Each structure stands twice: as C-alpha cells, then as structure tokens.
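In order of appearance the chains are A, B, C and D, and numbering begins at 1 in each one.
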Amino acid sequence: MLTIETAKRILHTLNETMAQNQDRLIEIDSAIGDGDLGLTMSKAFRTADEQMADADEDDPGMLFAKAGMAMAKAAPSTMGSLVATGFMKGGKAVKGTPDWDAADVATFFRAFADGIMERGKTRPGNKTIVDVLDPVATALEEAAGRGADPAGVAQAATEAAARGEEAARNMTSQHGKAAIYREQTVGKQDPGAVAGMLIIQGFFSVF
Amino acid sequence: MMKKFINKPEAFVDEMLEGILAAHPDQLRNVADDLRCIVRADAPRTGKVALATGGGSGHLPLFLGYVGQGMLDGCAVGGVFQSPSSEQALEVTKAIDGGKGVLYIYGNYGGDIINFDMAAEMAEMEDIRVETYVAGEDVASAPKGEEGKRRGVAGIFYVYKCAGAKAEEGADLDEVKRVAELAGANVRTMGVALSPVIVPEVGKPSFTIGDGEMEIGMGIHGEPGIRRGKLLTADEVVQEMMDQIMPDLPYEKGDEVSVLMNGLGATPKEELYVAYRKVAEILKGKGISVVKVYVGEFATSLEMTGFSISMLKLNDELKGLLMKGARTPFFEQAAL
Amino acid sequence: MMKKFINKPEAFVDEMLEGILAAHPDQLRNVADDLRCIVRADAPRTGKVALATGGGSGHLPLFLGYVGQGMLDGCAVGGVFQSPSSEQALEVTKAIDGGKGVLYIYGNYGGDIINFDMAAEMAEMEDIRVETYVAGEDVASAPKGEEGKRRGVAGIFYVYKCAGAKAEEGADLDEVKRVAELAGANVRTMGVALSPVIVPEVGKPSFTIGDGEMEIGMGIHGEPGIRRGKLLTADEVVQEMMDQIMPDLPYEKGDEVSVLMNGLGATPKEELYVAYRKVAEILKGKGISVVKVYVGEFATSLEMTGFSISMLKLNDELKGLLMKGARTPFFEQAAL
Amino acid sequence: MLTIETAKRILHTLNETMAQNQDRLIEIDSAIGDGDLGLTMSKAFRTADEQMADADEDDPGMLFAKAGMAMAKAAPSTMGSLVATGFMKGGKAVKGTPDWDAADVATFFRAFADGIMERGKTRPGNKTIVDVLDPVATALEEAAGRGADPAGVAQAATEAAARGEEAARNMTSQHGKAAIYREQTVGKQDPGAVAGMLIIQGFFSVF
C-alpha cells in the first residue's frame, strides 16, 4: 500500500499540512510554551519535502530516514529533533521493503513512537506527542492483525490520533518549556500532541 | 519598540558570529563550513580530553565565549534561545576530539538534551567516546529533592572552569566528568529580573514586567520565577535570594565559597557591586569565607535588566582548579 | 520609572565602593579613611612611576576599574557624573607615589581639571612631582583643529594601557607621560546612544531620545552629539561613525590599528559583535590591518543603550606596550 | 571695617543666601548646564559656615582661607572648587590683618578673582563667574582709592556685581558643560555669574 511514490506524496502532503496549520500551532505553543512550534514544523516538513522530492531513492524506508535527517538539520527544536528521530527510526525499521503492507506501516509507527520515547526519555501519560503516537502504533498493529484494507488502516490511525490528542489535554506537562507551568497546563492542548495528530492525518490522507 | 543595533533580524546570529570570528581569529575558528560550529583555533589538542558545549544564542558570553585555553574546546551555537542541531554538535565533537574523548557540558533544557544525545550517539558511531554532564543549578526552577529538573544558568561557568582546568592537567574523561559533576553539585544560583527581552526575530517582548515590579527567580528566557512583586531595595532583594540559596546546598559556617554576581544584560556593574556588598555582609554573618569573587556578565539574556547570584562551595580540589589560569575571548584569568 | 537595584540613592556610590572593596581586597584598598580614595593593594610601589586617575562614578569599569597591575596605581572617585575633590586626588597621590613621581591621566572635563590641578599643586608642596595628561578623543565633541576641546571617553583605556605598561617597565615620569601623549594622540572615538540614563539621586532621565531614534556622537553623560535621527541598521550606524573617525586622524592604508568596541551599558555583546563585523569589513576595504580587538564594556554610562568605537593607530612602541599583560579587578590580559 | 566677627557673620549670611537661592540656581544651571549648582553652592556654604562658626581663629584672612578649604572638600564641582580657590587665595592675600580696611577688602577680591581666573584658565568675557568678580575687584580698588566709607564700598561692589551678571548674559559660554551649547547660551544667565553676584550681595549685606 506504500511505495516510493506514496512516500513522496506523503512528505508533500505533510509540507502542505504544516504550512496550513502554522498559525494554529504557534497559537497552541504560545499558550504553554514559546510559540515556535508552527515555525519549526513548517520548516522541518518543507525542507524534507523539498530535499526528498527529486531524491534518487526507491526504498520508502530510506526516504523517510533521510527526510528525518534533513529535518534534524533544518529544525533542531525539541519537536523538530523528536519528529526527525521518529522518521529516522521508523524508516530504518522497514528498510529494504519497496512496497509496504499494513504490517510494515505498523512497524514504522511503532519504531517511530518508541524512538521518540527513548530520545525524549518519556512514556505515555506525560502530555507529549507520544500520547498520540503510541495509541496510533497500537491501533495500526491491531488493524494489521485483523487484515484491514488501506482505508481501514487509515481510519484506525486517524481515530486513535484524535482520541490521543483529546486525552492529552487532561494531562499535566512533564517535559520542556510547558513543564514549568505544571498544573496550569491541565485542560490545555499539548502543542506536540496536536502536531503529532496533524502528522497522522496528513500521512494517512493519501490512502 | 525594538531598539537594537542589528541588520536583518534573521541574520542576527550569523552576523554576530562573523563579528566574533573576525575579532578573535587567533582564538576561535569555525568548522564544517558552518558559522555555528565554533572551536578553539588550535583544536584538536591531541592527548587532552575535549570539552564541548552549546545552546541558544542571546546569552553571551554563554556559550561560545568560554571556548579557549583552560576552559572549553568547542561550542555548537543555536538560534536565539534555540538549540543547535545534533549535526552541528557532532561536527564540533569531531573537530575537537584529541583522542581522549569528549565531555559535553550544557544546560538542562529539553531541546539541547535531545540534540546533544543524538550527537553523542552519532559520535560513538564514529568511535569518539562521549560523556555528558547536564548542568542545572537554578534553585528557583525546581524544589530541593528535584534537582534533576533544575534549569542551568550562570553557575555553569564554574563547571566549565573547574572541568576545563582538570582537562588541561591531562586528566582522563572519567576524571574530568567527575570534576564537572562535583562542581555542578556544589553550585547554586538564583536570579531576579526587572524587564523583559526582545528576540530580534519576534520583534516584541515575550512577556512583561510592570513598572516598579520585579520577578525573583526568573529564568534567562523569561521562565516564570518564584514570586513577582514590588521592586524592593537592593539589600532586600539580595536577602530574599540568599535565603533561598543558602539552605539549599546548604552553605554553612566554616565553608569556603566563590561568588559569581552575574548581570543579565542591562544592569550596570555599579548595581552588581551594591548587591555584592550585601552578599558579603550575609556571608560574613554566617561565618562563611569568600575566596574569589566574579562580578560582571557571565550568562546574559540579551538586554534583560536583572542579575543572578551563584555560589560554589569549594573543597581543596575545586579551589585549586578554580584558581588556574584561563584565556578565552570573553574571559581571562591569571593563575592565582 | 527608575528600575534599579539600589538602597538609598544618596548612598549609591559609597555602597558600590564597599562592594568593590569587599569583592577585591587582594587587589584594591582605600586610603585616608575615605572610600573614594582607591589605590592598588600593594601601593606604593617603590621605584615605579605611579599613575592616578579619577572622575565621576557611573562609568564602570572607568575609572577605578583600571587600577591594578600593568595599568594604574590609584583613583579618586567622584559622585555620579561628578568630579572627585582635590583633597581626594591628593590623598591618592600621596598613597601611590613610589618616589618617581605621579602621572595624572583623566578625561577632559572642567570639574576634573580644576580639582586635579589643585591636587597637583598641593602635591608639589609635599615634594611629589606630578605631571598631567588630559585625555580627549571623542571626535563628535569638537571639530578637527580643536582637539584640545574634545571630551575624553572610552579611548582613555588605550592611554591607561600603554602608559601603565611603560611605567611597569621602569621608565621615568617624562617617558611615561610621553607614551600617554603618544597613545592619546593616536586614538579617536565616536559613540551612539539609543536611550538616556537615570542618575539615582535625580531619579528621572536627564534627557530623552524618542522611540525609534538614535543620537550619533552623544557623550557619556548625555552631552549632545552630531546628529539625531531615525535608528538605522547596525551597518549604517557603523558606516556613519567610521566616516567620522577615519579621516580625523587620519587612519590610512597600511596602518595597523587596535579596535575597541565599547558597550555603554545596556547594549548586549551580541550587538557589539554585529557592529564589529561591519567595522572589520570597512577596515579591510581600506587596507588597514587590525592587531587586537577589544569588545565589551570599558567605559559606560550606567544603563545607557548604545556603543562607541575607538581606534588606536599603532607604531611598534604602542603595539609592544598594548600587548603587555595586565591584571585589574575589571580587566585582565595575558601578555601576548 | 572687617574683623573676625564680621567674617563669621559673612559666612553665616552666605549660608542663608545660598539656601534661599538653591532652587533659583538649580533652575538657571539646568538651562545651560547639569542643574547641580544650587545643591553644590548651598552645600559649600553650609559646610563653611558650620565648620567656621566656632573656629578658634582671629585672623579674618585665615578664616576665609580655611572656609575655602572646607568648601573644596565638601563640594568639588567646578564652581565649588573655584569659589573655594577664591576664598583661599583671597584670604591668604590679606593674612595677618585683624581689622580690614577698604583697601584690604579690595585686595581680597582682587586675589579672589585672579585665583579663579588662574585656576579656571580663563579671563573676563567667557561668560563665567569671573565676569562678575573681575569688575567687582576693580570697583573695590576704585572705591578704596577715593576713600569711600563701608556703605559706599558695599554699594560699589554690589552695583558692579549686578552690572557684571547682566553683561554676562550676552556672552557665549566657553567653559564646562555650558560650552557644549555655545551660541544657544547667548541671552541666558550664566549660573556661575549669578552665584558670584549672590556671593557679593551676601558678603556686603553685613556692612
């Protein structure tokens, strides 16, 4: 269900998604952080799209890994580096598979989520992007297990992302700039979780 | 209204670095064709443990200002209040490694940790041994018992100074790291701010402090402090800060300390000395002796009005290392 | 609104001095039971020409900050922007004279001249030989041809440095005075300010500069400059200043110079380096080579926003003296 | 006409004069200087009066010289030091004379004015206190020459002072902080000249 063309289309879609949502992310990050997330996400994904569009590469895993490296260079903020890590770890986990099936997509996001947890020294429940990505990985594993078609896989992922983002709102920030505000973050959206949901929505919109 | 001597805001950091490299070509150079990868002009120094740091711009002399003899070997420079990239940290690491490994020393901020951890992994893949010490000593940023959550601020100067001196002596990586940890464990800092800053690319203050107000415990990016209130006299402000610092380690009768009075940017040295007068009085009253006092700008936040007090409790080892000479473009000290 | 860390405004200068003496007892002490008479801790140094300075407070490191090894021997300290008294200057003179006479070096301000002249006469009556060099190098303060009317500003640092190094070599009073004159004749300065200052005892700004405005050529007490106008880019400001400085001496192709980028108080070092980038570009374009660059705060005006550029044209003698080591509480330089 | 009692009375009167005129001097000095003159003059003369009131001294010349030294210490501004110099030089010039006649008073002010000119490296015409003191000395010499009585001497001095202060208004400042404003000082009162006139008025009000 996912070839090199799909992968490039995904990167292009994510570039558009982040450009469109730049102001929204700035606003959400301003409430409990420093407000830069809209800029770093749009920069990260614009760079990835631009550098990968004409890449002489036919392995989707390698393409995503290289996209991650491009992001790390272009947008070294917390989320820029975490998302870059996700793409690198996810891509490497499915390396060598020219056409991914649902199980490969699940493997990609499991490695993506685990990579971020390891890099960020965190786990679900701390009001981060992980609270979106971890349930998404689980939902993808489950969908692949029951043999869902691409549309079903996409639906499972986006629904899990939305539920995860929603759940994160009631958590207390434990990391980064938001952690300073502790209890005051309860009830507010987590900027990283919203960015994670946008990634999932953009990624699966191509199916 | 932004009253700054700049050209294009987005060129601010790179033009600053061009200025620094133009001013101090005998002491600093950049590597990897990237202005933001700064190393000692004579790097790598074979047979010496190399020390690297990094962090956002807007805090001069932090971070790159301590690259030089007796202190650090390299620095990865981020945008204003932004982490440098892992790749920049890696390039610095490669350029300074003299075969005895590299110690990362930087402040406890999420973005920096993530990027330096990534750099460390990449460096290990290139067979460079890397160890890390994350500095955090701002007592206002997390309560006693949660020291690991504390922000790194001006006190990192002492960690650089002591670890840098140890490396210069030829100690191995584990020894240098031990000294960094020892210095870090014995330093505490507390700040106070009277006015906000303007990040050039943002163009307006990121927070406000009312006329006649101060914020005790504010971080160097404007992170909220312990208490906001009416601006008190210098003596009252110092007393309140010392009341937080002293019991935290604690600093006790008979101790020997070094004190660092750090201006945050716009506060005149005159006021730092008025404040130090009270610090000296308090320490004297407690029976604590002061060995070496630093007064000036060591870790700033652009044009923020305010200052911080850092204290390093000395033992013989730290004292000996602190007294060693150092020479960087921003800090010189004769051996004492 | 006065946002300062002070106690009683009228105690500001004395409390600052108490802080300085408490912080640097190994390097400085006061004499004549007067906090405002500051001398080197090891004064008098027998067999060395002694150098004294003095002037108003509010300009740290000026003036007392340059009292130390390789520079000055003593300083008479006035109130904020006020001259010290002739008696204070005399007490300093008596405390530092090591038998080879005393050279006064201070800035060209009426009150200081009168008081130091009085002190010199009283000192001669006590058989201390005194010579005087009055520094004035601010090109904005009087036109070429009327150099004697110029204000002394940051460039006095070079006079202290070169004359201090000469005295340290054991030269006699006439020789040290000759070097002071030589350095003074080869230095030019120009400043720019963006914001006024508040003298603590006055409590409100003594002049105003509008939002978005700058004043090129303003003095360190807010003396009017050459031109007030819209704040330009750093490059444009530097170009305008260099256009005044360069032809004044003049500085020409093939010359070797040292540059001093001096922050007036609130301007971050980052901006000084952005400005230096342009200075370096201009000098390179003119074929002038730069030997040693100083960037930081050397002569301030409390919390004024702004900076000055000073240039010293070097010959072999001045270059050699500039490179000598120095160590004061506010300035350290390893011998180069 | 001037004994140790007169001299002490003069210092006391001058203390009162400067206290009363403090705000006026601040205002005049603010217009073309830094505004401190009111404070330095009242401080200088308050100190002189306080320290000399009980002085064990019977030589008026020595009393004035010591008053000058007290002023120099207490108020080291331009005018503080210049006026101090005037009292020191004037006092020394008439030293050893327990009861001054008109000629002694003229000698005092001639030395007073010349001392200031020497110390300030100036001469009449530069819009300073000297433009009051120099004509006063001349008028005193003339009054002494024609054998005027104390009241006549006093009148000659105060009239010369007023004329001198008036004349100084049309001059251009050449010294100190006012010199920066050059042409803009024309038509404005010189703060030092006004202080000089107050000194003369106070001094001769006791006769």
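Definition applied: a residue touches a chain if its C-beta (ideal position, glycine included) is under 8 Å from a C-beta of that chain, and two chains touch if they have at least 3 such contacts.
Here the structure is a predicted model, which means the values were calculated and not measured.
J.: Can you list every chain in contact with both chain B and chain D?
T.: C
J.: So, comparing C-alpha centroids, which chain is the farthest one from chain D?
T.: The most distant chain relative to chain D turns out to be A.
J.: Provide the C-alpha centroid distance between chain A and chain C, rounded to the nearest whole angstrom.
T.: 57
J.: Quick one: chain A and chain D, Cα centre-to-centre, how many Å?
T.: Going by mean C-alpha positions, chain A sits 84 Å from chain D.
J.: Express in whole angstrom the distance between the two chain centres, defined as the mean CA positions of chain C and chain D.
T.: Centre separation, chain C to chain D: 34 Å.
J.: Would you pull the chain B residues touching chain A in the complex into a rising list?
T.: 78, 81-88, 110-111, 113-115, 117-118, 141, 149, 206, 219, 221, 223-224
J.: Quick one: in the complex, what on chain C touches chain B?
T.: 1, 3-7, 12, 15-20, 22-24, 57-58, 60-61, 194-195, 211-212, 231, 233-235, 237, 261, 265-277, 280, 293, 295-297, 300, 302-303, 305, 307, 325, 327, 329-330, 332-334
J.: Give every residue of chain D touching chain C within the complex, in rising order.
T.: Interface residues on chain D, with respect to chain C: 34, 36, 72-73, 76-78, 81-82, 85, 119-121, 175-177, 179-181.
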